[in-house]
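After this come two complexes, each holding subunit A, first together with subunit B and then together with subunit C.
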Partner chain A sequence: MNRTRFAAASMQQLRIETGADVVSHAAFSSNIVCEPRRAWWHPIVARLDELCKLPIGWDGYHAPPVLFGNAYFAINMLASACPFDAPEPQIVPGSNGDLQIEWHTETADIELHVRAPNDVDAWRAQTSTPDHEDQLHLTIDFKVVAGWLAELSETPIAARSSAA
Partner chain B sequence: MSEILSRPDNLPDYQNPPLNEVVLGVQFAPAQGYQQIRAGEVWKLYQSDFPLVEEQLPIPPNFETFGLPFQGNALNFGFVTGAMHDRFWFLSPSKDELIQFQPDRLLHNWRKVKGHNNSYPRFEKIIASFEKELFCLEQYFRSLSPQDIKCNQAEISYINYIPLDHDGPRSQFSNWLRFLNFGNPEPDDASVTLRRTLIRSDGAPYGRIICELNTALNPQGARMLVLTLTVRGAPLDQSISAALQFLKGGRDVIVEEFTSITTDSAHELWGRVR
Partner chain C sequence: MPLDPPPRDSQGEVSPHDHAGIFPDDGVIRRISPQQWVYDAKIQKKRVSSIAFKPSTGEHEGMSVDLQKLIEEAGLDPKTYILSTPWIGAVRFTAGGLRAEGLMVGYDPVDDNPFHGQVWGPFSKQTPKRLAALATEFVPIQERDD
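Moving on to the complex of A and B:
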């Protein structure tokens, strides 16, 4: 399997005209493809691609590469959670094929640990409330994280406004 | 599963729906201990009813997630992880039913086949077969390593072929669909996709319904509308039973949506009985 072959698995090609007068529909393939326009989108996709290709034992022990399904889930999660002006996250591989997506700024730290599809631990700490941390287990709804990231994007502007 | 085998009394029903294909599918975490070299062992599970085999391109993973309003789909990227497993079609002798298998998916299709007057066997029969096929696969995976199938998405699609006459009362989009009225003249071609989030009673999203409409030509060269209704999302938990419940609920959503967006005159033609 090479890149071209996999990339060719588009909706149109998954609907294969057979000799039997039917279009065989492949479930899970019927999305309209339209990439989000965040500036950091392509570097993040490239990073996930790189993490999926890590050699077994990349950590010096026996860690596998990031699992394909986890990477796909993560990219869907980011599309649902990240406002267009969200800062670029860092992505760190885990030792079980899992991964962690992190934002670290002067005002807050946010970490999303993708253990598996539909299995995410979300954590936030803010400098404004040092005695409080937000910690949630999330599955498919990332509205809360979208709110956290919106605050992360807005904070520097608010700080600049009040300083002025 | 007895509740799955009965059709809800209040669900709209048609004697002659324009249905061309139905697909039930479940996506799950790849099984431990399985490699492509074992695909023949999977075929043996189904070979008595599905003796024909074809190889196809694998389907990439797909997840419905929620949060911000829809901002585009994230599928258009080409992760490669080295060797990839084919998707296998195991077909019935008449090719009107097939099982699709790859390490993270099992699908069951029913479809109309040219030259065969195969009538739609109804959802209840298809899902009963699919249930057996899923549990059979789980049993096989357990023979490789102690494990259950852990479902992370389920999907059901109904694909309808609606012929467009050259002229007359069945020639325009609006004769068939309530939400499409272009006035005169109508466009030659159209492609429309509608997506809506499905919400549980507690207010949490659990899936989406996707309605796709495209103009197309049938094999005889006549114009038709291809109306595809899909419900996709996460089952309540990772079990096969939860996935089957999701599919049953998805069928109900699709039938209601189909009835809602198509016209009364079309319902009459398709023999609506409820």
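Moving on to the complex of A and C:
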């Protein structure tokens, strides 16, 4: 399912799940119309689609699939926060219909736990500062995450420059 | 020896508790789905995501586990029992190790799993990452190709 179809299908499901108006509910609804593309975009949309279809009990206990509202929010958050050259994230389901978006590179770890739409725990650890971790609760403003990801994207270039 | 029944609230739901019949060296098994595996470039291999060690939401919800001693006392092999669910692997803690993290280890039998337990908080932001580091492999996670 491509992103446009995912977004269209999600509107109806999100209304059912939340009773909310989808357009005003989405933190970055404008990105649905003007969608930036990353090389990894389609695999990520496919992954979210897969996670929304997990069978109940996929974790060996009684976990439900990822809630469509959380997936919808996550994809909009990624569209807003990810620089074009950001590395591909990994998306992991939780036991509550929640999900976590993760990057684990040689220089940093970033985890965005989408507990619900507009309810995100963000965490970052960098190998250059092992005694320090960044930890924030985010709702609608993800500029901090955009900054983290920009640094993550720039690191290999910086490393190459210093090596030269 | 069977565990004493767990405490229940007025609705019949198991209340968070630290069960005295679960001893410090007793094994506490957490099933892990390959869906919760992530690749970590620092170690150049896959590992379990921290989200696998976050509790469920709800008034009495903790982190679901299987109590190894109960499975063994029922005459079953714990690894075979875990593998009865397709694709599922598992990690193992000791009850004492979990309690050292400030957690409670309780008994919460459910219809389809009489050996089910729960680990209750408080879960801090760091707890899932600490549990990920504390866990030891019990049943290898099977990678799916699809």
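Here, the second predicted complex is superposed on the first by the 131 of 164 C-alpha atoms of A that agree within 3 Å, B and C clash if a C-alpha of one lies under 4 Å from a C-alpha of the other, contacts with A are read in each partner's own complex, and residues count from 1 in each chain.
Please note the rule applied: a residue touches a chain if its C-beta (ideal position, glycine included) is under 8 Å from a C-beta of that chain, and two chains touch if they have at least 3 such contacts.
Keep in mind that what you see is a predicted model, and the values were worked out from it rather than measured.
**Q** With both complexes superposed on chain A, which partner does A:Gly94 reach: first (subunit B), second (subunit C), both or neither?
**A** The second partner, subunit C, only.
**Q** If you stack the two complexes on chain A, which partner ends up touching A:Ser80: first (subunit B), second (subunit C), both, or neither?
**A** first
**Q** Among the partners subunit B and subunit C, which is in contact with a greater number of residues of subunit A?
**A** Answer, by number of touched residues of subunit A: B.
**Q** Which subunit A residues are contacted by subunit C in one complex and by subunit B in the other?
**A** Touching subunit B and subunit C on subunit A: no residues.
**Q** Would you tell me which residues of subunit B are touching subunit A in their complex?
**A** The touching residues are 20-21, 23-25, 27, 29-30, 56-68, 71-84, 87, 89, 95, 98, 100, 104-105, 107, 109, 111-115, 150, 152-153, 155-157, 159, 193, 204-206, 210, 212, 219, 226, 228, 230, 232-234.
**Q** Residue numbers of subunit C touching subunit A in their complex, please.
**A** 31-33, 35-36, 38-42, 49-52, 54-57, 63-64, 82, 85, 88, 90, 110, 113, 116, 125
**Q** Provide the residue numbers of subunit A that touch subunit B in the complex, in ascending order.
**A** Residues of subunit A touching subunit B: 1-3, 5-9, 13-14, 16, 18, 20-37, 45, 48-49, 52-53, 65, 67-69, 71-73, 75-84, 116-118, 139-143, 145-146.
**Q** If you look only at subunit A, which of its residues touch subunit C in the complex?
**A** 51, 54, 57-63, 90, 92-96, 98-100, 102, 104-106, 109, 111, 113, 121, 123, 127, 135
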